[in-house]
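In the part that follows, the structures are each spelled out as structure tokens.
Paired with chain B in one complex and with chain C in the other, chain A is shared by the two complexes that follow.
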Partner chain A sequence: MAFQFALQRRANTSFLRSSLTFSGGLLLGLLLCVALLIQAGVPADMLFDDLVWQVFFQADGLAQTLTLSIPLILAGLSAALALRVKFWNIGIEGQLWLGAIAAMAVSIYGVGSDSYRWALMLVAAMAGGALWIAVPLWLKERFHASELVVTLLLSNVAFQLMLHLLFGAWRDPTQSFPISPAISEPERLLKLGFGNLHTGLFASIGMVFLVMWIMERSRFGFQSRILGSNRQVAEASGIAVGTTLVVMVLLSGAMAGLAGGLLVAGTEYRLTQHLGWNMTFSGIVIAFIARLRPFWVLPVAVVLAGVYNAGATLKVFYGLTEATVLLMQGIVLLSLLWCQFIAAFSIDRRQEVSV
Partner chain B sequence: MSFISFWFASIPVSALPLLLACLGLILSERSGVVNLGAEGYMAVGAMSGAIVTLLTGSPWLGVGAGVLAGCCLGLLFAFSVAVLKADQILSGLAVMAIGLGLSGFIGRHWVHQPFNGMNAPDLPGLQQLPLLGGLLFKQPLLAWVSVLLVIVIAWILHRTRIGLRFTAVGEDPAAADNAGISVPGMQMLAGMLCGALCGLGGAYLSVASAHIWVDNMVAGRGWIALALVVFARWRPGRALIGALLFGAVDMLLPRLQAQGLQVPVYLMGMLPYLLTILVLVLATRSRYRDEPAALGVTYLRQDRH
Partner chain C sequence: MSKANFKTLHLRGLCKRFGECTVLENAGFELHSGEVHALLGENGAGKSTLMNLLTGVYVPDQGEIVLDGQPCSIRKPADAMAHGIGMVHQHYRLVERFSVAENLVLAADRAPELQRLPVAAKALQETAEQLGLALDPYARVADLSVAERQRAEICKVLALGAQILILDEPTAVLTDTESESLLAAIQRMANAGKGVILITHKLREVVAHSDRVTILRQGRAVASNLATESLTQADIAQLMMGDVAVSQRQPSNLQTNGPDLLVATGLSASRNDGSTAISNIGIRLRRGEIVGVAGVGGHGQPQLCEALMGLLPIDSGSIQLDGFQISQCSVSQRRSYGLRYIPADRATNALALDLPVSDNLALTKVASGSKGRFWISRKGLFQDAQNTITEHRIAGASPQGLTRLLSGGNAQKLVLARELDNDCVVAITHSPTRGLDVKSCGAVHTALRELTSRGGAVLLISEDLEEIMTLSDRILVMNTGCITGELPGTASASEIGALMIGGH
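What follows is the complex of A and B.
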């Protein structure tokens, strides 16, 4: 049979085409989300008010949005670092939980003195996250076990570990819910006097610039770019593949762990089982929309935090569950992926003669 | 004695949804496509199965709805990777989120409503048999359908033309294309069947075992099924063994608790996941690496050598 059309990979996509398809995909996804919300009974004239005005232009809403953005920024960085070297980290939640557990452990066992324990908590959180991603990295390099499945399964293990502590040794006996005791006053991150916003925001913004420097200015960033696009080429050209991979992947885990530490030290002041849900997927969505550029992670994470914030309103007023926010993220990601087709391929009309 | 027979009887509840999802994933991976949507297909399967059973009162219609819902979502994914050549892993994650999201979004009015689901047929003499009576004869009919599906899918894969085509596309898409097999066509078909089987697994959870639908009912089973595929070495028969083993470990804990034993519940809860990781490592290490050669590779006709 003659094949009339043939897909051709575009060798170099013009900037205009790639940015137009990308914005087109984003717009399409957002429009579908709006249609979904209207269908679900959110009045169309309230959409702007609920989704934009309340969460970005009202002091209370903006403070809450920025507070929510702190772990999202770090999750986005975590996903970007891992995606850059094609390490599929589907266990950001697990690393976040390990980070939260490590931070809480520093507080419970009273390591160091009161004056700087908050810093130790955050360092422990990063170490916890890095440790939790080191296992799948080792299993992948040593035994070729798929990191995709192992990172995810380890998230389940981390969650069980958290429950074990919350229902056992770390349970606050004065509470009816299984939560840990609150951390002491000096261990808490300072409030900025703007809603619940705390200094953790500076930590995550600092990390954006650190990761930006690593990914775009340092040797590792350059090497990881080659490694991410083709491992064989990277190995053949004498790049320290192992070191680059270890640095980028451990850093990815550390970012996720820090997100957990900041949630404990800045927002919740204790370990609870409600920390960090859906951070894996949100992190990947943020990194993808930011096109793995650390700087762009920042605004994208803030926008997504706004959506999460608005999601709380949708839940109260229109009875929509958290699943709605997840659904909207899925729709936007899929629509972006679909529209990339236009940037990546051209369709050639061919007159092939049937043989 | 009764401990063991009760434990055995509870294994299929955990094992069979996993088995069904694993069968679907085997089909998908055999045709060269990594499908991370399983969790989402199972979620929509469980949700639509419950809703249709609630609306019509017929569990079989519910199961059909679960299959159909999974199939539709599977088609969405397959279109994305086979036709639009989008990244398989990112597409899978997106479809997973859409499935989980849709199940929560559509199902929000039907949550926590018990219904008359599928029950085990009455087989008085046989059910009282020692040890295996409960395991074999106290199961809903869907359990037998699931085991039958193992045979059917093994037969399709190894004995039919269409099964060989799946394998050909997964091993060497260029050669398959040269032989006149439509690579996107086979991958679309595999994607639909994968969604349908995962949807059936989800419907098993709500319609045949829990008789209720709650949010987050699938609870990571789709991912475990993905690991099970490696353990099963892409073979349906071994998937049955793997799923039963996993189910046995998974159901041991509730049985021990029912005996009134003091066990570290959450540490024991890690066991299935840790064992899965161990099995995954051992399976990838083994000399028999049966992974389809073109797994995860996006095939373009122009890339042929």
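What follows is the complex of A and C.
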């Protein structure tokens, strides 16, 4: 007599269940990290302090965490928008770099007047990101080229373009490093007087609510839900498939571009080649954990920023290797995902019918 | 290894259910050594499931498979091969980059002697010669034509020791001359003592090339082990499709000489691969009418639906809906004139199963903008969905519940509620009752009749003659992408059957 196990998707996942599993996953991940860190020689009594207190409850640490979360929120939104219509955007970094280049270009060529150039820079950043994702979208719809490959490879092109500018035309002659000149004072986003935190945070949060409105309240959002779930049904019911796809995918690129613009105008004040690394995979992970719901992107991005922040501290103070920090981040993410899986499915045991 | 001398194979009382859906009920037949046994039935009748039970892809819920008097347990594909049962699928199981002989070596994990390339090549060569087929064992599969690949697959399965060979629609991809040579080879296989199960839609092949025939309909064997000698093609067609007494029919009460609602003339369209799917189709649908399009599956029915809906571009012809020329219109424009679509495959073409019921009920209205040009009220969708669920008695549905959880009948009720709305003028329906129980079928029929009684019209495309004969006011017959004739709704099954097989 054989038993079979079957995974059964739950009909409904309640809000309580999602919240509990999210906290449970976070706790499990942190506990595993604690074990890992103790093993790596970090004193046990300092762990809570470094992992939680410093990054979330202490002013400097919290400011740093929130500053880090600004581009992460936008990367998460970018991934969520594209995944909603089953478009695999593996080139968030590329769009971010194009956004940063576009913002920097507005500053370098002095477009518009000083008083509102910062706004032009951000708009240009969004346009740059949208332009960079328009190419793979067109190739996919016209020639069935896999967007997975094209977006990924176009990131390399964007990076080379950035290096070309940094080593050439845009290089700051007064610096020995290949970086662009700094943007002028009025072009910089205002500091909030809380660490390095700047008004870009409001832009990010604003985008969360804008995207939430579009995805959950607008006609486009509804249509994209159908399109992402079953394209044939979308076509047969008369949904404007092309328009919906273009709007959602270009918005995805624009969010990534805006992240680049905010890094230039709010944090770095110049174009450098160290901008926005790892944003693609962070963005996808955030979108997945948030289950493509824009509102949840916000807390998830802040938690992930905290983990990155703690990782940086641990590296400096305890001489942990980069690999250990990456492992730690991976453990937290996997625990979150695993717990979510358990929340969405139940495991049924069935007895096989004897023949 | 395979048994050298198989005599008889009995399949008895086989049942298979998936969830609540019974796909096979008490089906069975017998196969003798030296026999070509044809297995017939429409799409969804249960042929594939029955063969999957025989080849170990599925395990039966009930029933037994008896080989030479010994009940045998076939629980995985390797068991079937060990009993000498081999299958040639429609999509061949060959590695394209390898030669034919290398493919045999790859498949021969139970026959060590065949794992040497020269031995495998020789075995293939001998098998091909016995069957009178030309085959180069060292040719690369990628360089072979479809017919040559099929020969390679057949010789491979036989070389592995198959005594019982299942061929799944082998002539569907072949030209007439290729088919003839394959059918001759099948006869030689039988003469050499093998048992051949031939799955086909082509009735001419059944009559000319098989010894006995088993016909499945809706999961049951409506005829088992009939000798084909005494049968005509029309007899077989009638058994496949069922018959309906004239008294059970429900012709429309309205006068059916009303104005034309849908007129298609000279409609032609191609499949994605460039082959002709439908050619020169003419259809006239008048107010208050249900017009049935009867025909064996695979003769262009889905493409006809798609061409009428605007999902498949047409090569030539014109379509008029209620006086408007719509042949160049988009799907949404056609829908705005009142054209609606109930496709055969709900799960892939009508419903987004992973989304809530409310979304699926609202999607055409959201697409047309009538639920709001820019913003959609979720509360409004839930409220509308709740009303529709109550009004149409969709059991087990809640606005927020996943559509996947609905039973087949209730999922179809959802599609009907959405498509047959008050603005519906003409409904294109393709096998709207496929896979449904009697009660749900009744609900579908009532809904279609209700549409015609309020002045709409229905095009009922179906491979189930019973469905066509029950509902249609007029019957068109479709064959190889063409309309081959028109009959009144009172036509008998044999009259329709005669037109369906004509021209073959």
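What we mean here is this: the second predicted complex is superposed on the first by the 274 of 355 C-alpha atoms of A that agree within 3 Å, B and C clash if a C-alpha of one lies under 4 Å from a C-alpha of the other, contacts with A are read in each partner's own complex, and residues count from 1 in each chain.
The working rule: a residue touches a chain if its C-beta (ideal position, glycine included) is under 8 Å from a C-beta of that chain, and two chains touch if they have at least 3 such contacts.
In this text, all values refer to a predicted model and were calculated from it rather than measured experimentally.
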item: Contacts of A:I239 with chain B and chain C, given as first, second, both or neither; value: second
item: Partner chain(s) touched by A:L148 [first = chain B, second = chain C, both, neither]; value: first
item: Which superposed partner A:E322 touches (first chain B, second chain C, both, neither); value: first
item: Partner chain(s) touched by A:L139 [first = chain B, second = chain C, both, neither]; value: first
item: In the superposition, chain B vs chain C on chain A residues touched; value: B
item: Contacts of A:H274 with chain B and chain C, given as first, second, both or neither; value: neither
item: Shared contact residues on chain A - chain B and chain C; value: 9
item: Touching residues on chain A, where the partner in the complex is chain C; value: 9, 11-12, 216-219, 221-223, 225-226, 229-230, 232-240, 353, 355
item: Chain B-facing residues of chain A, complex; value: 3, 6-9, 36, 40, 88, 90, 139, 143-146, 148-150, 152-154, 156-157, 160-161, 163-164, 167-168, 281, 284, 288, 319-331, 333-334, 337-338, 340-341, 344-345
item: Sites on chain B touched by chain A in the complex; value: 36, 76, 80, 84-87, 89-91, 93-105, 108, 215, 220, 223-224, 226-227, 230, 264-267, 269-270, 273-274, 276-277, 280-281, 284-285, 300-302
item: Partner chain A, residues of chain C touching it in the complex; value: 59-62, 73, 75, 309, 311, 330-332, 334-335, 341, 343, 348-355, 359, 362-364, 366-369, 371-376, 378, 400-402, 405
